[in-house]
Amino acid sequence: MSHGTNKADKIKEISGVNPLKCMKCGKCSATCPAFDEMDIKPHQFVSYVLNDDIEALANSKSLWKCLSCFACIERCPRDVKPGKLIDAARQIVIREKGADYLKADEIPALLDEDLPQQLLVSAFRRYRR
Amino acid sequence: MSMNNEFRPKIVAFCCNWCSYAGADLAGSSRLQYPADVKIIRVPCSCRVNPMFILRAFEKGADGVIMCGCHPGDCHYSTGNYYARRRMTLLFSMLEYLGIENGRTRVEWVSAAEGVKFSTTMNEFVDKIRSLGENVRLGDLRCKD
Amino acid sequence: MQRLIDRAKELLADGTVVRVLGWKKGDLGFNPEPAYFETAEALDSDFIYDGFCGANLSKYMIEASKKDGKTLVFLKPCDTYSFNQLIKEHRVDREKAYIIGVGCKGKLDIEKIKAMGVKGILSVEGASMDSECETLTVKTLYGDKEVSYNEAMLERCHVCKGKEHQIADEVMLESRDTKDAERFAEVEKIEAMSPLEKFEFFKKELSKCIRCNACRNVCPACSCRKCVFDSTKFDEATKANVDSFEEKMFHIIRAFHVAGRCTDCGECSRVCPQGIPLHLFNRKFIKDIDTFYGEFQAGEDTETKGPLTNFTFDDVEPSIVTERG
Amino acid sequence: MQRIGVFVCHCGSNIAATVDVKKVVEIISQEPGVAHCEDYQYMCSEAGQAKILEAVKEKNLSGIVVCSCSPRMHEGTFRKAAERAGLNPYMVEIANIREHCSWIHKDMEEATEKAVILARAAIAKVNLNAPLYPGESRVTKRALVIGGGIAGIQTALDIADAGYEVDIVEKTPSIGGRMSQLDKTFPTLDCSACILTPKMVEAAAHEKITIYTYSEVDKVTGFVGDFTVDIRKKARSIDMDKCTGCGVCQEKCPSKKTPSEFNRGLNTRSAIYTPFAQAIPNVPVIDREACIKFKTGKCGLCEKVCQAGAINYEQTDEIVTEKYGAIVVATGFDTIKLDNYDEYAYNQSPDVITSLELERVMNAAGPTKGHLERLSDGKHPEHIVFVQCVGSRCNDNRGKSYCSKICCMYTAKHAMLIRDKYPDVKVTVFYIDVRTPGKNFDEFYRRAVEEYGVNYIKGQVGKVAPQSDGSLLVQASDLLDNKQIKLKADMVVLATAIEPDPSVRRIATMLTASIDTNNFLTESHAKLRPVESPTAGIFLSGVCQGPKDIPETVAQAGAAAVKAIGLLAKDKLLTNPCTAKSDELLCNGCSVCANVCPYGAISYEVVQVNDHGIREDRRVARVNNALCQGCGACTVACPSGAMDLQGFSNRQIIAEVDAICR
Amino acid sequence: MYKINKENLSALFSLIAEANELYVPVSINGAVNFAAWDEDVQVDLDTLKTVKSPKDAFFPQSETLYSCKRNGKKLSITPEELSSKDFVVFGMKACDVKGLAVLDKVFLVDPVDSYYKARREHGIIVSLACSQPEEACFCNVFGIDASSPEGDVQVYMIGDELFWNAVTQKGEKLTEQVKSLLADTDEAKVEEEKASIKAIVERLPYSNLSLDGWGEDAVLLDKFNSPIWEELYKPCLACGTCTFVCPTCQCYDIKDYNTGNGVQRYRCWDSCMYSDFTMMAHGNNRTSQMQRYRQRFMHKLVYYPQNNDGMYSCVGCGRCVDKCPTGLNIVKVIKAFEKGGNK
């Protein structure tokens, strides 16, 4: 799993999350509305990042099943925010595929106040296809 | 390090005995590095720090002076740091008013448990002083030679 | 003025007071001096109260409080703040003072008249309390000159704290509203400068300092028996500025020691032989105190805790200085 | 000029590995005033101290600098050594070249240079040191215990048994505290009341113990050995001497709608009430906010029915001022508020309760008379879910970062008791970790699983949703099965985090005892002085210092008592000689120093002074050495420099500054 | 006699400064004092009196005497080098120049003050006649002629021109250095100016001040014990303004400054008005402000003249009259004694 180091760091950087803070309580998974459809469960995101196994994460179904509802972020008692991790993993995948239709720094100009964050995330997904 | 011509600031840190000095001790026992430019003077409480001490340090060649005390509310003497806070706020404001670079002085509240904060603060402060360079606006030329 | 003399004579005669602290005519018509009077004759011949009587007499009450009997003291509205502050600090004895709050129409600065290019002044007319206080006629060796009263006023009168006496046993003579400038305007002007400009500004001003200590010795708040700059307690005793640092040290500490106690009476700037605007130091502290800890006027009363002997749990942090730029 | 001896410690390799000790000695030997300089492996050792003794004798030293570890570590050691050598102990200064130098630097040249400078600063200071002599202060042989829970009761009993007077101040109407609210205790399942009540009675009956219930500490002045405390006895509206505790008033009281504090608001009480049947003292109080008489002026029923004539509506708060030598804080805990935890539906459903509420539900004297029933409809539950770590171990700003320590065990206790009494009830416990360090603790937990069939699931509950049929839908994860599960429960019990009683902040401020960010009182040393506050004369008992269970609390209570007894056993205390001192010739008498003194140690008197030939009466400041704690606030407030601090004088600090900046 | 147009003053200064250090009256934010000249300073020759007298060109407010350096336990001492470069003080007034004569009698008699002596030797005085004397001036009372100041070169500012008259050898030498800028002229205009100055001096308010009862013939103890001092001193703030602006006050203190690695021993002006003036281990021999106040004027008007053949150590410049924060001054003292029968 030597491939992962840079990517794991990248994920940490993008998400601003320190996965070491996780105490493995599983509240994220307990909360997740898309739990059943996921192959890698929210609480496992953290371990995958910790174990540098970004490849598996990138190839997982979960990446695209996450609704970005932020319930896990809201409920996490340790400020670990698995939702942000998965979001970051998604960004990495998109960037790698070179299908990055929008550059990150172009986005702020396109935002308006009423635009829900979720929409933006799903937009990323949609444009990838 | 002293072989090259890198600027080595003189920095005086006043630390209260109960919190910040102990915090510095903890930084030490935790082996948290910060530059040797910082020299600590132990005072019983931040309220013992007379503005004249701070000016004196600059007079004699200090490039930066930092004062550390217990967090507000945690003073061993219950109220000392509140007085210190007002005194230093006014003093620093006056120094800034006189055109002295305002990063040369700093107050930070560091508890006995905050060894990390102590070393982070000192690293930051030394960086700041290094970026400001030698103190030329507030010092006695006679002490320079 | 005659009313003041008459009242003083009455109080001397009925034994209320044993001496009068007021101003004595100078020999040039514009250089009166603070003086004690113990007889009616002395009052009749020498007492004066006009636009040149700028001296704040409250500090003289420290010595007068040690004397037997009561002293009648004339205090202008701004002087009464100093007197209150001295009471608060147990430096004067209220019981030893009979205070006549005397009106004020703005005090004159002979240096300002000279700075207008008026030379060889023999006398100044229009400075008395009875006059309209609009124009001064200055008789000089080189002819008569007319000068606007307001333009010849001390800086402090342009930012006058008001006509009210904060403490007095009785009040005599009308005051005039002389405030026509913002108290903190000069401070704000400096605050708006770049650090280097600030530094150069004060360097220039302080380079004039000759450490005569007039600012300190005239100050009613600087009433220490022995100043730290005269004692060995801090190893900072100096007599002359040898290095520019010493001017800064002296003036910062002078202002710091009176911070929260300074009533902004302006005596320091009035007496400086080199015309250094020393009030800019004190007023900076006053402005900061007002901003950080709420408005505070030293000497408004004799009880309130001073801002440096007080605190709140959520006072601003010293980093405010850096944060506000 | 002093003759100074400088001793540079290697501290094994702790210092010597980074600081070139020999070079320090070489440079420092050349400093003016240094009459002796040497290095040694371990200065704090017997042999090291012997070197000091020898050098003082041989070189006639008058001051000593030890370059070693932090003065917080060995200043006392070296002061004692100096004393043995015939010097005043305050002629010693420490240059901290370990914590502040060798341990934080890697470059040897840099660290050596710094060590030299630190040594010079200490030399500069010791040059200006003067012998200081501690004064003596008396010890009032009486202790105050703040808080009348099990911690306070035990501490008071232990101190009283040693023969010293103790007062307990308890803010509620009865002593007993949280323990009196518990039903059974782990791991033995004793009835809480059965073991607590005798202690309460013993305390009440003890001739050395005075109990102030329904009272609060109003003001604390003084210092170790000599505290003066104002205790506010809140108006009880009952004459304690007359009341027989018959309880008729409580029965007859028409105002019965106030939520019972004792039963955690699960039922109500009357306006005149004792919190529980075994209350000590068994004297009710009138809750003036609930009392009709106080609200409207009408009623007065209790006065009419009281045969003892004990009701007194006119009673006012009374201040008792008492002196103490030692104060023990035993203010205990409360559970945190769950307002920010919407996901557990605590505020939405009466069937979601905290564990402490469950204690009351399980208790025979509780709101359900000990029957396990849903509080919403009184139905017998079929399935109870316990949720662990509610608000504990939370890094967000909703809960507490620490582990509340007792929850794992009491949850096992609850689960076991329920399964024992109602085998038909299904019990599920959601846990993150089960923590059972303690004698017989893990065995206890295992019994719950193995013998009582409690279903433990590793995973946190994400959501509790009240359903229209009155049940609760619990959504959780099962981390071991890697499944998300949804369970239907009838009751949910939340193992809510505990926090120090909110009153402790005010008390800590009054005592000048330090407190951490979680409001737990700080101990003087986490390992070596765990029951002492850094503030001398203040001791810590029970949960106010940190989460702990009953046996630990009782043990700590005993330890705090012993520390207090150790203090009370002394007749005199030596005071810190590093106190402020006013130079009367420079003093202006302006009072600014007194205005900032937190101890009221400065007073003024008019004295005749001879100021270089001028004799006059002056108002000057006087420092009471017994009160002064040496903070130095006054020295900076004093503009003339008349006020100075012995041991940290202006000139000493300036000398250090000069030495460092040179 | 030479002259130069005022427009060329800057060139003149520049030329003088080539070979000498040059001190001129400089205005800083309204206060005029002697200071080293350079092209950026604001020279002010119109203000009659500088705040401080120019005495510190010869006797600086503070000067280092020697330095000690420490190396381990060894000390090395380096005396300060004596002034060795010629310097010109341009624009001293008659009273200021006379002030130096007063200092000379203190510093140049045995034991000679070598620091002062060196400066006197290297100092060249270009004195400026007072075209517009002011109300506080009374130099004539001490026999000083404001229209004809002493010095190495006398200059007069008349209209657009500056008239230059070398008086001494030093003056001649300086004239040679700047001759390229000077034009020959006669003395007619200067004589006219002198007469005009004298006429003004006669009209000065203090011109008739009487020194009867002071000086060499004063009855010292009568003056010393006079009750008048008690009345005079009371407003005195004990500041040092009068002594620091005075051209004749010569008292100094010697102090050490710790530079961290050694000591600089320096002397600085002291003021007899200060409570720690002549402070000794036992205390102070003048314990009250009255005594200190009396000392200053007794020294100027009695002790000094009696020790120096009747020469007063006051030159009537009137700076104390102008600058005392509470309106006290030597004139008031003289007048008070006159009123009190000179006792």
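Observations
We just call them A, B, C, D and E in the order they show up, numbering each chain from 1.
Throughout what follows, a residue touches a chain if its C-beta (ideal position, glycine included) is under 8 Å from a C-beta of that chain, and two chains touch if they have at least 3 such contacts.
Note that the structure is predicted; figures quoted are calculated from it, not measured.
Among the remaining chains, none touches chain A as well as chain D. Centroid analysis (C-alpha atoms only) places A farthest from chain E. Nearest to the overall CA centre, using the mean of each chain's CA atoms, is chain B. Centroid distances from chain C, each centroid being the mean of CA atoms, peak for A. Here the CA centre of chain A is 43 Å from the CA centre of chain B. Chain geometry summary: the mean Cα position of chain D and that of chain E are 71 Å apart.
With centres taken as mean Cα positions, chain D sits 31 Å from chain B.
For chain E, residues touching at least two other chains, in rising order: 257-258, 260.
For chain B, the set of residues that touch two or more other chains comprises 50-52, 56, 60-61, 73, 79, 83, 87, 140, 142-143. Looking at chain D, one finds that residues 596, 637, 650, 654, 658, 661-662 touch two or more other chains.
Pairwise, the chains that touch each other are A-D, B-C, B-D, B-E, C-D, C-E, D-E. Of all the residues in chain B, the ones that touch chain D in their complex are 1-2, 10, 12, 17-18, 21-22, 24-25, 27-29, 31-34, 36, 39-45, 47-53, 56-57, 60-62, 70, 73-80, 83, 87, 113, 119, 143.
For chain C in complex with chain B, the residues that touch the partner chain are 187, 190-191, 193, 195-203, 228, 234, 236, 242-246, 248-249, 252-253, 255-256, 259, 281, 284-285, 288-289, 292-293, 307-313, 315-322. Contact residues on chain D toward chain A in their complex (touch as defined above): 343, 389, 393-396, 398-399, 432-433, 458-463, 475-479, 482, 484. Of all the residues in chain E, the ones that touch chain B in their complex are 257, 259-260, 264.
For chain D in complex with chain B, the touching residues are 70-73, 96, 98-101, 103-107, 109-111, 113-114, 117-118, 121, 509, 512, 514-516, 534-535, 578, 596, 598, 629-633, 635-637, 645, 648, 650, 653-654, 656-658, 660-662.
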